Structure formats: structure tokens, C-alpha cells
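Reviewing the structure listed below.
Letters A, B, C, D and E name the chains as they come in the text, with residue numbers starting at 1 for each one.
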């Protein structure tokens, strides 16, 4: 077979464009973030090509749609690697899709840098070529908030907390990261609810939370359920002193969807439009030119992957699908630190990033970064106003 | 205790909504022997249209109804006349499942293409407040949903049972040739019947848009639940479906506040299988046993 | 004693369809069952063949209690039946229609290839007797109504029943074919099969049956040889009218 | 005098059908060696897997006419059963595969007893519910199954590289397909098969002819579940990642139905033919139209068109029965011979 | 001779793309006359009635109602012109009550008092209709359903009636009632086209008999004479009547 591991690469492979294979959920459940990441990748490729390409060769992105289906994602990478003979692969979106995709890349000996597989389990599969190019894995998203709350004077610190999370490794991972840290610090968990993805009615969950009257409400959510929960909590007149939801509030549709209730809601965020990290402002500008709107976190994550791989390629001076080259790239990424739009990134031996997410809050209707100290654009408002 | 009451109240209100959503399904089956897997897809089509009307004109979502209800009615007539009517009568129930499954995919694909895969929602101020009676909160949006459901069901019931049209519709389904021979325009009647079912989807979709965010694939979640409801109620019995809907809504609500969401959803299927074992024809349907 | 029922009762809602029917068939004879519309004849059949469970009463066949047995077990016991409106398997070929009937249920027999056993020969034999052997490859729905009636009867006979229940065999059948059915039933009876025939065609009943039972309101009101029954005032009043 | 000889599914009758298995087998066996790259081997294995599942589905659907949209439940259970036995109890993979298929079959008997109590549309609904239910259970029972995180199953052939694994599984699925085809053929020519077909046509009538319909239906249900579970188990071993949402998906089951319908449910090779068309077409739609959800619309349209215009499948087109109902005993003139006008 | 009410002229008709069932059938029915079609199963008798009532559009040939060409008109239109058709086999609306079934017979009638008068009349003719007024029609026995169907057709007072084996499954008493009704209709000047397998009985009361075979009328004539023809009797009417 032409794609037998170790088979000689056809000579054409050494010249011509650098082909990068990517499968993304462009349709299906994850299509919205999938699209964002695709745009991030495209902005990166556009900028690299404007600078003359990778090692002097043009970059060409080959996208496949996996329809958010793990079967498809494998077959996409399979065909990208063996049929299209790409030089590099970039990761897809969602922890659920990253694991099967990484398996394929791993078995063909390809480096696998990914923008969106944050769940702890991703890093426990024994992958040797996987890196998550974002500041922190799911369990660490709320680290700054946990620190902040634990350090509050005892009389101000929330005493009870309610957790409601979607049954999804990423969403649940974020909420449980916070839960474990707060529980260790003595904040009592009064509700710990996990609901399946098909849940549409959040009022009864809110009723449970209402009955427990917690100081803190944490949602391990994606968009739909974060909106559902906020509305239900409002209807049942639950007024916690602080409310935090993952993912949902970082999307542009959120404030409109929950009407006025967005005020003072917290959310972990890996990227900020106002930050001045390497390439961030250029990325935002180019994004606007290419796609018209404002860049979001997903686009930034895609862009980050490009930045990390670009740095590695430039450092080791090769970009072949061969084992030696991919090994060298992997080696380099494992050891180096990389300046990206989400800040400097470095990875542990399992490919986990070692930084933390920032915490954003809606203050006077605007998204502000409130934690950590060094990056903040506004002060954290606590307790929050009633919704 | 108050938690239980709260669960009960919410469950009953949600049950009302389920009744509305399931009524169309029951109608297609009861009077037309058609299993309409695409009903939830049409619900969300209506929800998207409501969304468009709401966002582009800035009006209350219920004001979309004068537009969507007739539209869906005629859409239903078209679906029946152009597609369903072509199926062979002896395998109608089965083939209609597959046909409407295909329609559901078509709708989902089109919604995804035109509205993208992202979530949309319609939020009104009144949809975030609630009425509090004795410590039990009754959200206004759910009260409204319940009211609309009750009203729609009443109208539907009156049309089906009391009117000449209802009689003609049932006769058409039961023996088409005989119906033509007593002077019923069977094609037209069958088309209108299907239209009426889809018209309930228009109403249901608007209510749904008001109370939950949605995206093109949302309809899958509803298929299982609504199907369970109409089987428990007795396939084809509109009243049975309504009662089963409220029952299952209450059970779901109570289980949600006492156990968890997985078990609450599971209740639908537990009841479904219990029904099969105890009374395969459903609790309200099947008045007509097999004749040999 | 072939079939005996004791006090069979079945009511549907308020309607007493069968009301304490105790019936005894003449073994080896052609028994007729007549009665006005709605007198419970079909329901009686349905109870005997296990398709409806009676409210009370017993069904005894060769001194075995068959009450509440499922239809296939009744069939295995040796009772075959036809339906008031002819029922065949429309999209199976005539031959396949014949091969459905099962009398024995050992797994090996169920799984053996049909064409390797003597079954096909038996099926052809019965088709020949009905005079429709030339149609064995046709789909059953392509047969004319009369041919379907014959096929239904042939399929029932494949299971080698000792007692055959016929529900209106002449209903909707053209007169020439009725003659043929009468001859067939007579021949089969001569081979030792017992028949119970529900029929409204008096010519057929009178010309064919050895013994006639008259139902009214779910229970027998008279029985005897056709000639006598015909004169019975109760029968005249309840059934023959005029 | 046999003037009317028509398309009854007498599968071994013609020489064509006798030669057909060989004709099909040769290219199938050679395929992995002919395929220019491993992706095509992978795609081939996937197609054969679907063919095997559709053929298994047809053991129930084709014979009895009970349309199950719930067979992905057995696929998923087979997959999870095998995976859990391997991962949690360290059972050797082949044994795990067999054990889990057996367990699923037992389970299917239980479910079947409840499910086949209802006919037609209700059965379809129940089967849909079965999938949702299994999805909820597997997703909710996190401690056992890993819940939404999924289950990672180690490869049974760690020594082989990925492409070789595809080849091995291609043949494993091919073997399964052959077994499924043989079973279908075997059943179709037996008295059991005749009984099942009779159930499809008229259940009460079949019962009155002595067919224990309940037992037959449950047996067909379980048999068909057995093969689908085996396919699921192989899939788990091959693919290595299980995610409840995607293995318990109505779409997988609906593919089985679509393939069988398209090819023709009354024919041995119908589902196989359907799979050979639908699986590659699915790939094509995704690649050609993948940027939007229009490919869903395309799939839906195909389903609608098949149901409307080819409800009996492609193969039925070729074995079309001669039109013209009602076969007279003799012509009117024969009858009237000698009768005065 | 009274006026011809219904005429089928060289009708060729069939189902789907299959070979035609009727191959040039011609039949004429006059007011106050009963025409009886007999013939083997599958001869096309029911098909002929379906063409006459508009359920089936003929491939060629014409259907005339009182001289007016009504070929291809819908059953609704023909009903309005005074034509009623009782189908063969069971055609009650099974999941509706007897009451609803009978009332639907008068679906096109808006005049309530007229409807109620008719209902009272049919209840009298068929006591079971009154007794089981509220029951689901599909639950009645075969013969009872047949009576409901006949009652339904009597709700309108038509000028032309097509009856497809009205006595099938009826007990002798009810058969008698049906034949009496047919006779009454004839006296009232209604044109009746009757299909019967109870052929001797039907031919006895009919005015004209037609033997239909393979989609064509092969023999027609005065009904009583046909019934008496011995050769014809053996072929189509079965063995000699048992008295």
C-alpha cells in the first residue's frame, strides 16, 4: 500500500504546499464552535501565507466535516492521512471527538495539537503526541475563581453551593473542578445535579436549587442549558450571591437569550479580546476583515493551534508526515514554551497545558475580565445583583 | 414537602404542553393511521419561523400565529396530498414512519442550512416571571403554555368530535370508498385533517420557542417522549394522549425533584413498557378489539 | 366424542354474544351451525379456537380441556378453521400459503428445508384435490375470490385437522363453486373428518349436513337432523322467519 | 401445466443465484488487497459492517414485517458489552465478543416478549423508545460505562499497525456478513421462515394455522439482535472509542432500514445491495455537501423517494411479478361451449 | 317501456396498469326495473358497479344517467344526481357508532326533519340498527354490519341503486327483508342494478338477467327464463334448487 507506515513518501510530498488535514464538526450538535475553530485556522493560514508560508511553502488547509459524529471523525483523519497524505493534522472540536481522532493520529505517528479537548479523560489515554493548545484543562477552568472565593474573609465566603451540570465530559469537568476545590475549603455542596443532554425543562432542577437556597450556583453548562437554567432560576426566584456558568455566557447570543439576567454572571474564559498577547490584536483585526464579525474564543483556540505548530516547524525545520519529522516536532513542543494569543503555553508530559483560564463577568452589560488580578479590566462584583 | 408540591405543579403545567405537542401526533394516527415522526421537526420549524417573525418585526411571538397556523395548515394539506396519499394503504402505518422520518431529516437539514447550527431563542419579559401561590412558583410562560394547550385541544376536540368535518374525516379513514359513496370529498377531507394536525404543530412550536432555546437537531429529543405519550394514552386517542401527557408530565416533575433528570426521562419509557405488558392497546385506546 | 362445550359464556360490554352454550358435536359427521345474524356463531368459533377467552365455561376436545389455550395450541390439537371473510396470505405464493400450517413443532422440523421434506408433495396433493394445482406459483392475491376460498380450505387441511370449522364457506361464492365445495366437504367427511359449518345458505345446509344445531341469542335452541330442525317451530320463529 | 411461474423468492432456484455467491465472494475477498490505500480498506470494512447489520435487521424486518428503528440498541449493547468485558474484567476479546452477544440475545428475548405484543406502528414507536432508553441507561450509569466520557477499548491486535487492523476487521465483518446471509437463507427455506412470512401477511390467520406466532416473533427478534450485537462487539474492538450518544443512535438503525428497503426486504441480497449503495453514497454526500447540513436533506430525500417509488426495493424491480390479478379457471368461451347464446 | 335511467356503453375498465377487467360491457337499466348481474367470482360484476357510481373511471366507453353523459364524474356528483351504491363486503365505518354510520348516509342532506324521518324508517326495517344504535359498528356481527350498510344506503331516496351482493352473510329473514326492500324500490320507480350470488333467488325477482363472464355480458334476457335454462343453470347457477 502507498500508505504503509514507513513507505517512502512520493517526492512531490517534499515540495508543493504544506497540506494540513482537519476534521471539524461543521454540522450537527457542535457545529457552532466547529465553525469558529475553522475560522481561527483560516485566519492563521492566511497570515502565515502572507508571511511567505511554512519553511517557504504555502499552507493549504483541507477541511472535512465530521457532523459531530465520532465515527466520521476517525474516518476523516484516516482518509486525510492515508489518502490525501497531509503533512500535518490539526485537532477537531470537543473532547468527545478528540479522543477517537487522536487515536488515528497516534497510530499513524502524527503530531496532534488540538484546540478543544479539555476533559481530563483526554489526557489519560496514553497519547504521546497530543497537546491541548489552550490555557487549562476543564478541571482547572475555575481555578482563579476558586482561589478568590477561598481567600475571602470567612463571613463573606459563600457557605453553600449548588452545582448543576450537563452530562458531558467537558461541561461536567469544569463544574466539578470548582466543586472539589470549594468542598475542600469547606463550602457545603447542597445540590449536585447532572442532567442528560436531551433535557429541555430546567424548572424542576431550579426547584431543587430553590429549595436548598444556596449562596453560590454553578452550572457546568453549554449554551442551551445555561440559558434554560438562568431562566428557570429567575422564574423560581432563586437569588444566589454568585452565579457562574461555563461556555454559555461567553457566546454572543447569551445576553439576548436571558434578557436582563446576564448581569454579574461569571464564566471562565481562555481568551480575551482585549489582551495584548502575541498576535492577538493582529488576529482580531484579520478576523474582522475576513469574516466581518468579532473573533470569539473558539476562533482564538484554532489560531493558537496554528501558532504552536508554526513555532515548532520553524524551530525543527521540517514539515513531513514522516516519523522522524513528526517525532522531532513532538519533542520540541513537549519541551518548549510558546507565545500565543492566549498567552504563553507549555505542556506537561501528557500534553496538558499548565496555565489557567481567566474569569469573565457581565458588568453593566459588558463582558469584563475580573480575574486574575494581572489581566483584569474590571473588579469582580460580589454579591451579584438580583435577576 | 413544598419541593414535592413545586415538582407536582411544574409537572402538571409541563404535562399540559406535552398534551398539546402530542395531540397532533394522536390526530394523525387516530384518524389517519399515519405515524408522523416528523411532527417534532415541524414543531421546531414553527419555532424558527416564530423566531424570524419575532426578531425581524420585533413583535410578540404569539403574533406569529396568524401567519404560521394557516401556513402549516396548507403545508399539511400539501404533505398529505402529495406524499402520504401515495403510500399503499396496506402498509400505510409502517411506510409512513419511514416517509416522515425522511421528511424530518429534510427539515433538519434545511433548518441547519438557513439558520446555521447554533441555538436560537425567543425571550419575552413575561417569560421570566412567575406567580407564587403558597410558596409554589408557577412560571408565567408555563401557565401561558398550559392555557394555549388547553384552548387548542378544546378547539381540536370540538372540530373532530362535533363537527361534520370531523365525522367526514373519520369516515374517510375507515373506509374511503364508502365515504366517497355517501358524498364525502375524501381527498380534500384527508388533506384538511393532516393540515389540522400540522396547525397544532404551529401553535406548539410557538409555545416551545417561548420556553426553550432550540437548534435544528432539537427535534430528536422530543420524538421518543411524544411517542411514549401517545402509546401510553392509546394510539389514536386524542383524549387518551392528553391524559397520558399530563400524567407523565407530573411523574416527570416529581421524579426530577426527588431523584434526577436521567430517571425522570426514563419514566417515559418505563411507563411505555409497563403499558405494553399490562395493556398493549394503551390505556384509553383500542376500544376496537380485533375481529376475526 | 370430538368437541364438547359446557356453558360457554362471553359478553362484550353489555352484549351477551354467547350465553351458556353447551354443544356436542357428532363425531365423524358434518355438523351445521345456523342462527340469525348476531346470534353468536362466529364468537363461538372464536372461543373454541382460542382467539377469544370466554368469561366462563369449558371447551373439551377428545376429553382434553382446551379452554383458554392459545390458537396455535388449539390448531395443534387438531382443530382447523376458516374465516367468515376469506383470509389467505396475499403476498405469498399459493404453495407457500400451504406450507405455513404446522402440526408438529420440533425444532429440527421447523428448521429443515421445506423442499427437502415430503411437505411439498402433501401440499400439491391438497391443491390437486381443490383443483388449483396449476396455480401453485401464483401469488395468492392474484387468485379469484373463489380460488382463494379453495386455497384457504386447502391450507387448513395441510395441518391434517380432525375437526374443521367452516365459517360461511358459501358466502360470496358463485353457485357453481358452492356445489364443488359441498362435494369436497362430503369427500373429506367420508375420510373421517368431522365438520362444523356455519352457513346461511339453507340449500347448502339442508343438502350437506347430517346434524344441525340452531343458535339463538348465544345458545343452542334446537338440534337434530336437517329435515326435523327445519320444521321445528322455534327455529321457524327465530331463524327462518316468514 | 405450469403456465404461471413467477418471482417467488425461491432463492436457490435459478442458476444465477447459485453462481451469485461465488461471483460476489471473489472480489469481496480480494478487495483489501486491491484497495490502493488503507482508507479505502477502512471504508470497505465499514460498508461490510453495515451490510452485515442490514442483513441481520432483515431477519426480523424482511420476514415478519416488523420495522424496528431500535436495532441500534443491540448494536450499542453489543459494543458496550464487549468493551466492558474486555476493559473491566479483562476477558479475552473473542470470548468477550461471544459472551456479550449472548447476553444481548437474552436481553432481546426479554424485550421482544414485551415489544412484539404490539404490531405495526406501535412496534416502531417501542423500538425507538428502546434506543433512547439504552442511551439514557448507559449514559447515566457512569461508574460502569464511563457515561458521557465514553469507553476506550484497547485494540485486540496491538502488534498490528492501524492499516493491518482494518484488513483484519474487514475479514471479520465479512465473515459475519456471510453468517448472516446464510442464516437468512437457511431460515427463508425452512418452515420457520414460512411461518415468519405468514406473520407478516396475517398474524391471526397464521396463529389459527398452528404457528406459535409469539414464539416465532421473539425468536426472529432475538436472532436478528444476536447478529447486530456481534457487529457492535466487533465495532467496539475495531474502533476502540464508544460514545453512548453515537452508538445508541436512531440514525444507525435507520440506515439499516434504509439499506434493506432500498435493496429489497424480500430478497437475500437486498440489504447487501442497499448497503453497497447507501454507505458509499453517505460518504459522498458528506464530502460533496458537507459544508452545510444539506447532506441530511439529501439523505432524507432519498428515503422519501425510496418509500414513495420503490417500497419493494431495487431487486423487486428485476423480479417483478407479471401484472394482472385474478386467474380465471377457464375462459368464458370454454365455459359457454355448448350453451345456447 | 319506461325511460332508461342508467346505461353502460362499451365500457372498458381495469385497475392500475393491469389488463382490463371489463372488456366492452354494456348494460341498461330502466326506471322501475331490477337488472340482475350474475356470473363467476372475478367476472367483473363489482367493477361494473364501481364504474357506474364513479369510483372507477373507465378507460373507454360511456356511462349515461338519464341520457346525460356522466363518465368520469365523481361519486359525490353522481350521488347528487340520485345514484346510490352499496359496496360488496364490509364497508361500515368500523370505529364509528351505528348512529354515526346511519347519519353519514345522509351526509349531503341538511334538512334535519327529513333525516330523522328516514332514520325512524330504517330503524323499523332493521330492528338491530335501533337496538345497537350506540355501539361501535365494527363490533357488530358480519350480518349485522351488512344491515347497517343497507340502512345507510336507504337514508337518501335515490333514483338509481347499485347493490353489490346485499344478501351476503344475511340470515334468511334479513335476506327476505332486503329483497322486499328491492321490490318496494322497484315499485316506487327506482332503477336497481343488482349483483347477487344467490342467483336463483335474485333472478326470480329480477326483471332482466345478465350473465357476466370475463368482463362481458355473454347472455342476457328475461330473468325468469334465464333461471330456468338448465345448461346455463349448471354452469352459473349451481345445482338445481332444493325445495
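Please note the rule applied: contacts are C-beta pairs under 8 Å (C-beta built on N, C-alpha and C of every residue); 3 or more make two chains touch, one makes a residue touch a chain.
Computed from a predicted structure; not experimentally measured.
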Just grab the chain with the largest centre-to-centre distance to chain E, centres being mean Cα coordinates. A
Please flag the chain sitting at the greatest distance from chain C, going by CA centroids. A
Between chain A and chain D, what is the separation of their C-alpha centroids in Å? 39
Centroid from C-alpha atoms only, then distance chain B to chain E, rounded to Å. What do you get? 43
Quick one: report the Å distance separating chain D from chain E, using the average Cα coordinate of each chain. 49
Just give me the whole-number Å value for how far the CA centre of chain A lies from that of chain E. 77
Tell me, which residues of chain B touch at least two other chains? 112, 117, 220, 262, 265, 290, 292
Where chain A touches two or more other chains at once, the residues are 27-28, 31, 167, 196
Of all the residues in chain C, which ones touch at least 2 other chains? 42, 51, 83-84, 144, 147
If you look only at chain C, which of its residues touch chain E in the complex? 12-13, 15, 34-43, 84-85, 144-147, 168, 171-179, 200-203, 206-207, 239-242
Which of the residues in chain A end up touching chain D in this complex? 1-5, 26-28, 31, 64-65, 67, 69-72, 74-75, 78-79, 81-83, 95-96, 99-100, 103-104, 107-108, 119, 121, 125, 167-169, 172, 196-197
Residue set of chain E touching chain C in the complex reads 38-42, 88-90, 128, 132, 135, 139-144, 146-147, 165, 168-176, 197-200, 234-239, 241-242
For the complex, which residues does chain D have touching chain A? 35-40, 42-43, 46, 136, 139-140, 146-150, 152, 161-163, 239-241, 243, 245-246, 283, 286-287, 290-293, 295-296
Chain A touches which residues of chain B in the complex? 2-3, 6-7, 10-11, 14, 112, 116-121, 123, 125, 127-130, 132, 137, 139-142, 212-215, 217-218, 220-222, 252-253, 256-257, 260-262, 264-265
